[in-house]
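I have placed the structure first, in the form of structure tokens, so that the comments after it can refer back to it.
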Amino acid sequence: MSAVVIDRPAPQLFEVAPDNWKLAILAGLVVSILAALALPASVSFWIVGAMAALVAAAFVVNAYRRGYYGGLLVAPAIAVLFVMNIFPLLWSLGLSFFAYQSNQQSIRFVGLANYVKALTNDLAAPANWHALINTAMFVVFTVAAQMIVGFLLALLFSKQFPLRKYLLILVLTPMMLSVVASGVFFTYYYDPTFGILSYVMNQFSNEQFILMDNKVGAVAGIVFADAWMWSPFVMLLVLAGLVSVPKYLYEAAAIDRVSGWRQFWNITFPYIRGLLMLALLFRTIEAFKLADLVILLTKGGNDTLTISYHLIRIANEQNKTSEGAAISYLMLFMVIVLTNLYLYIANRRSQGA
Amino acid sequence: MSTIEIRKITKKFGEFVAVRDADLKVEAGEVVCLLGPSGCGKTTTLRMIAGLERATSGDVIIAGQRMNELAPDKRDIAMVFQFYALYPALTVGENIAMPLHYEGLSAAEQQARVKKVADILHLGDVLDRLPGRISEGEKQRVAVARAIVRDPNCFLFDEPLSRLDVELRHSMRGQIKGVLSNLSKATVIVTHDQLEALTMADRIAIMRDGLIEQVGSPHDVFAKPANLFVGSFIGTPQMNLISANFKSYNNGKAKVTFDKQDVDIGVNHAVAKLKPGQITVGIRPRAFSVVGKDTKDTIEAVSELIEPMGAETLIHARTKTGNDIRVVVPRDKRVKIGETLHLVPDPAQTHIFGEDGKAVRA
Amino acid sequence: MTVMMKVKTLATAAGFAAALMVGGAKVASAEDVTLTMAVPDWPPTRIMKKFFDEQYKPASGNTVKLDVDFIPWPDFYTRVNASLTSGEQKYNFIVSDSQWLGAFVEGGYFRKINDLLDADPAFMATFKSIHPNPLNAYSTYPHKSENYYGFPQFPDVLVNYGRADVLCNEEEQKNFQAKYSKKLPCTGEELDAMTWDDFKNVGEFFRRKKGEMLAGKPADDDFYGIAFQAGKGYDFSSMQINGFIWQMGGDTWDETKVPNGQAEGVVNSPEAVKALEKYLSLIEYMPPVARTGTMDIFKSDELFREGKVAMNVDWIGLGEASLDPKTSKVSDKLVFGQMPGTLGPDGKMIRWSNIGGQPFVLTTWTTDSQIKEAVEFVKWWLSPDIQHQFAAGGGQSAIKSVYEDPKYVTYRPWNRAWAPQLDWQKDVWHVPQFFELLTQQQDQFDLAITGKQDAKTTLDNIAKFQQNLLTEAGLIQ
Amino acid sequence: MSQSSSFLERIGFFKSGNVGESGWGRTLGVGLISLFYFLPVLFIIFTSLKPQDMALSVPPTLSPTSLFGLIPDHYVFTPTLENFSSVFSRSMTSGGAPEPTGFDRYFFNSIVIASTSVFLALIIGTLAAYGFSRYPLKGNDTYLFIILTTRMLPAIVVIIPVILMFRVVGLSGSYIGIILLYTAFNLAFTIWMMKSFFDELSTDVEDAARIDGSSETKVFLKICLPQVIAGLAATFVFGLILTWNEFLFALLLTGPDTRTVPVAMNQAVSSGGRGTDWTLLASIETLFLIPVFLVTFFLQDHLLRGVTFGTVKR
């Protein structure tokens, strides 16, 4: 596939050569970790940055010498990601092993104490677990709702019909709203005195309708708002898959008198499986981060506190930086396990087919 | 009875008329080829028969029933698509089995049917593979297998061989013809390849610009082209078409003028009815005999390019006034470039087309 | 060497970084002083900036620029907190809620101003002319100590907003008298005299369904008697409940008694439980949104302005909108009084309430030349003339000579409640643990307000949590 | 045989004559559903047109027109454009004169920051996706997964080091800083999305071009890219929408000069010391919606064109 691969022996692990990226990573990691541990943050920042540059340079030289277009193509993305995302991630990972509050000036290495506290402390652990369980609930409900609604919407739009373009943009609009605006307006829609929902419900009953005064209603309200906003995301991805199915396959299926169900599973579904997985993956990740709507709609009331909102309180309001970092890494661990599970199942399926 | 009939069928896409008043009847066991250049409406006609397009007017009658409004799945037809339309996520075996689910067969019966057609089409080895991993020829056979695995009212083929290389095409023509002859169903094959049509069809319908120009047996359309278009479209090398001025008819010979020379050409007696005027003389390249000297019956042309075609040789020659003439002569007839040829057309294979382009025939 | 100083050193060392600077603080020359200020975006700060631009003439002759970063209220803390804790050192002045003092002073961000006061008698005099309650709340850390930090930007107290048209309606007056054998409060003075029991009566009395008669007309929508803050967000129930507890003889954890003040037994004392029960008993007379735990100061104000309630206890800071006919359906029907109180055993009214409003403070990295100008600016800001203008433009003043001026009550209808209320203001929790204390307490109060937990359990939980946390922090021994 | 077309077919919701196409009946059905789905947005847009004192009226006002008496009067409001002008200029103190709010600047900032960073991410990310797809590295999946993990943590956790880093290198409050950050923020999605599109492409055509002597650059630009236009369009739209509305980074990393609309929008959530100014918020959101709306609308054709036949592997 690659045009020219220049045969050139890879350098030994400990051979000092400009293209020895393995050594560069090793050295970079060792130096970075030492720097992060021993030096003040502001100095170690530059050292870590320099090490990243070193590793990047080694990669580029290596890729160039051997005609690895892959490496060259990927390098800019990795560089940007490293500086802007991975480095801060590692930084906060590092912090999770310290006792550190961002509004205080002491910092002390405590090993796994933050993790132990997050998981076992009498006061902290139940709150964390509870927030996690709530989050899991929201992940299940919002992602399921988004996938189902998004999928059904995509089916509606999968055929060509007059004005399709204009109707589609109507359905896509909710996800273009800023979360603040849509969240604030949902507080209005749900408001028992002014809101439309209660106004409509009160027409049917004498009882004053209050959606958000119990857990079921509050969760439903949040899930509805979130699913409403983000179903179009799923829809657009699924739709992209649906329209990529060649029309002649459906014609063949019509000729072959294939039932709708079988047609969907055998012809349509294979085309959208990848995109469906992508949608599921990204929506799950986003659902774990659900906080803004909760803050706007319930402030965590009626037992709707999510782990992400919990984190905002701990890491931002209370400035317990390292404790927050520890909790977030526990959360990250769960997201990784879950997404890997998705990917594992998806890969097994596609290999089996 | 497995028959197909279309009556006065018309398809419009907005202003554009793709098919106009097409009539065609295909009897059970008969293979009809829709032949024509691309864009002539032949595929649209086929799709209307299949129900993939709805006729703007006219009737589609399959097995004696009018089916205009019926969806494809209610017409009980089998079709082979130009791009095969194999289901990419299913194995070859599953692809072939797809039409059978409708019939509610047991798994074992299904297997048996699939195996049977797979054997006929030599697909036994690839049944477990995905369509993406088999050769083009195999894909084509799978498409055919999927069509013949059931017992439909009729068969429709849309350019079935267009994606194959010459050799495969040749062998597949034979195979399909063999398979079809055993099924005795009405079959319509759409093709732009006249060789395909001539070899596979019982009858050929030649289309141009949405009109069926002529329907006839392969022999008829070749030997008795109904008009200029059919004449020029059928036969390789292409028929020589020479505009001429018809003067008179006398005793099996027409006196015509072209190239500012008067020539007596042997023609059929129907020409007698013709009034003097502008005509087109169509002479197949193989219909010339090369004679030694200039006579009143001969057309003179100077050979310019010689293309040996194996058993025969194709000569491109030019008359004095610059008309190109293609002549096919047997291999052993040696002709040099620059040589003047004296050509006598065979009256039986000389066609006179009137001013309206229609053949003048008895 | 503190982290902060190391950061500072490094920032200086990294000279090339300056070349990349696009935004950020501008370098001040001797004649050119820029004071950068982080403020919430609302009228009191806008007015301050306007007055500065229009009127401020620095005595030093320097060109002084006030560079104000107006940050929308909902994100103000997040923005300021991130700026401070990241060591951005962007702002010289920061508007801060009084309770943030502890955390930010301990963090080394807020500058103690005792030296500046001592060095400048005029400054000290101005400073001491502030009413002691707001002064303690806005400026001291530890609370009520002699360590000063901030100056009032917008001082604020809770007052009672009333609907004169409904309250003074003859029919309603008559019916109320008949039902409770008491006069329905109608004037400001009558509002002042209200206890929470009277308030409750008003709540009960004015619960009207759509179509029922209200002040002689059928109500066009459901109508409610009372509203006050009972929301889960920020401090939108604690600020009200604290008042109830103090008035009824209970107490919150008192930081001025460190290290001997306890939480257990104090926070959940029988008096406090009774006070919370009283508070909770009023919820049912409020518009239904209270039951969702989102009845914050803005929601109750909105309901009041839209004409859905007869009385609302809220901050003065939200008052301007109710006077403006564009934003208020009741702008011409208003009466204001002090927040209801509780009658003590001696028959005297007890009116304790939690102070609102915000001070603004200096940050530690402000340079000497900036400080010089900053002090001049603060003196100018707290000068009676400017404070009068501020009050006339919708602000409040905690400067004695200003609010005692007879003119003062004419500026705004609620100002008549201002001076008497100032004497009853207390504040809580000038400690670094403020947010932890607040979040947990708000969570617990929310459970009580939305009916999931009784007052006793609620206060027990709060007391237990506070006892643990504060013991761990060394504030309780 | 009788005509067995169902009711839905007759009204054109399904159209048997033409696989994959339907008629006006479907337009009607889908139109109703779409409109229902769009209602909350429509309400926001209508709110932006309401006089300030009608924003919270009960019963809610629902329409700027009575539709020839179809809608009862108490649901109808008189539309005004006043709110839109107050987005850009209004009184910031009680009774004060209108003054500029800076929203023109915020809109400009949003457009510059979002478009630049999404383009950057699209370029860098597409290159990387092509690399991951066509020249898989050892442990390709691991790299991809690590890239994905950058999206998994709540922003609040990583924000402090980012602020610190920005301050140290002087990017705080600058365009470059927030643009780079957003670029990284969009990369994960871009790479995953584009990789899945490249994976679906058949390599036959590419290989043929290579055999014909096309350079790798040419293969990428002339053969591959045109086939994934739909993917590019979709990625662009998603990236734009996410970036356009991003709030937390913008709040903490932009200065007064580079502030974006989502941050400034909270001016209306807590307006002038009271709660939400509904009409103002709705006006800001409505104006803010227009650019992404238009971009999405014009990219829709590409979004829906799908992968053309013959290019799908498997």
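Going by the order they are written in, the chains are A, B, C and D; count residues from 1 in each one.
Going forward, a residue touches a chain if its C-beta (ideal position, glycine included) is under 8 Å from a C-beta of that chain, and two chains touch if they have at least 3 such contacts.
Everything quoted here is computed from the prediction, not taken from an experiment.
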Relative to the centroid of every protein C-alpha atom displayed, which chain's own C-alpha centroid is closest? D
Per Cα centroids, the chain farthest from chain C: B
Sort out for me whether C-D or A-B is joined by the greater number of C-beta contact pairs. C-D
Please work out the Cα centroid separation of chain A and chain B, and write it as a whole number of Å. 59
Let me have the rounded angstrom distance from the C-alpha centre of chain B over to the C-alpha centre of chain D, please. 54
Here the gap between chain C and chain D, centre to centre from mean Cα coordinates and rounded to Å, is 39
Whole-Å gap between the CA centroids of chain A and chain D: 17
Give the residues of chain B that touch two or more other chains, as numbers and ranges in rising order. 51-52, 71-72, 83, 88-89
What residues in chain D touch two or more of the other chains? 19, 56, 58, 159-160, 164, 168, 265-266, 269, 276, 309, 312, 314
By the touch definition above, chain A meets two or more other chains at residues 41-42, 102, 193-194, 246, 248, 251, 254, 270, 316
Would you tell me which residues of chain D are touching chain A in their complex? 19-24, 26-27, 29-31, 33-35, 37-38, 40-41, 43-44, 47, 56, 58-60, 124-125, 127-128, 130-132, 134-137, 143, 145-162, 164-165, 168, 180-181, 183-185, 187-189, 191-193, 196, 199-200, 203, 207, 210, 216, 230-231, 234, 237-238, 241, 244-245, 247, 261-262, 265-266, 269, 276, 278, 281-282, 284-285, 288-289, 292-293, 296-297, 300-301, 303-307, 309, 312, 314
Within the complex, chain D is touched by chain A residues 1-3, 41-42, 45-46, 68-74, 76-78, 80-81, 83-89, 91-92, 102, 153, 156-157, 159-165, 167-182, 184-186, 188-189, 193-196, 199, 228, 233, 236-237, 239-240, 242-248, 250-251, 254, 270-271, 274-275, 278, 281-282, 285, 288-289, 291-292, 308, 311-312, 315-316, 321, 324-325, 328, 331-332, 335-336, 339-340, 343
Parts of chain C lying in touch with chain D, wherever the complex brings them together: 7, 10-11, 14, 17-24, 41-44, 46-47, 50, 69-70, 72-75, 78-79, 82-83, 85-88, 90, 220-221, 296, 298-299, 301-302, 305-306, 317-318, 320-321, 323-324, 326-327, 329, 393-394
State the interface residues of chain B toward chain A in the complex, per the touch definition above. 50-52, 71-73, 76-79, 81, 83, 85, 87-90, 94, 98-99, 101-102, 146
Considering the complex alone, what residue numbers of chain A touch chain B? 246, 248-249, 251-259, 262, 266-267, 269-270, 353
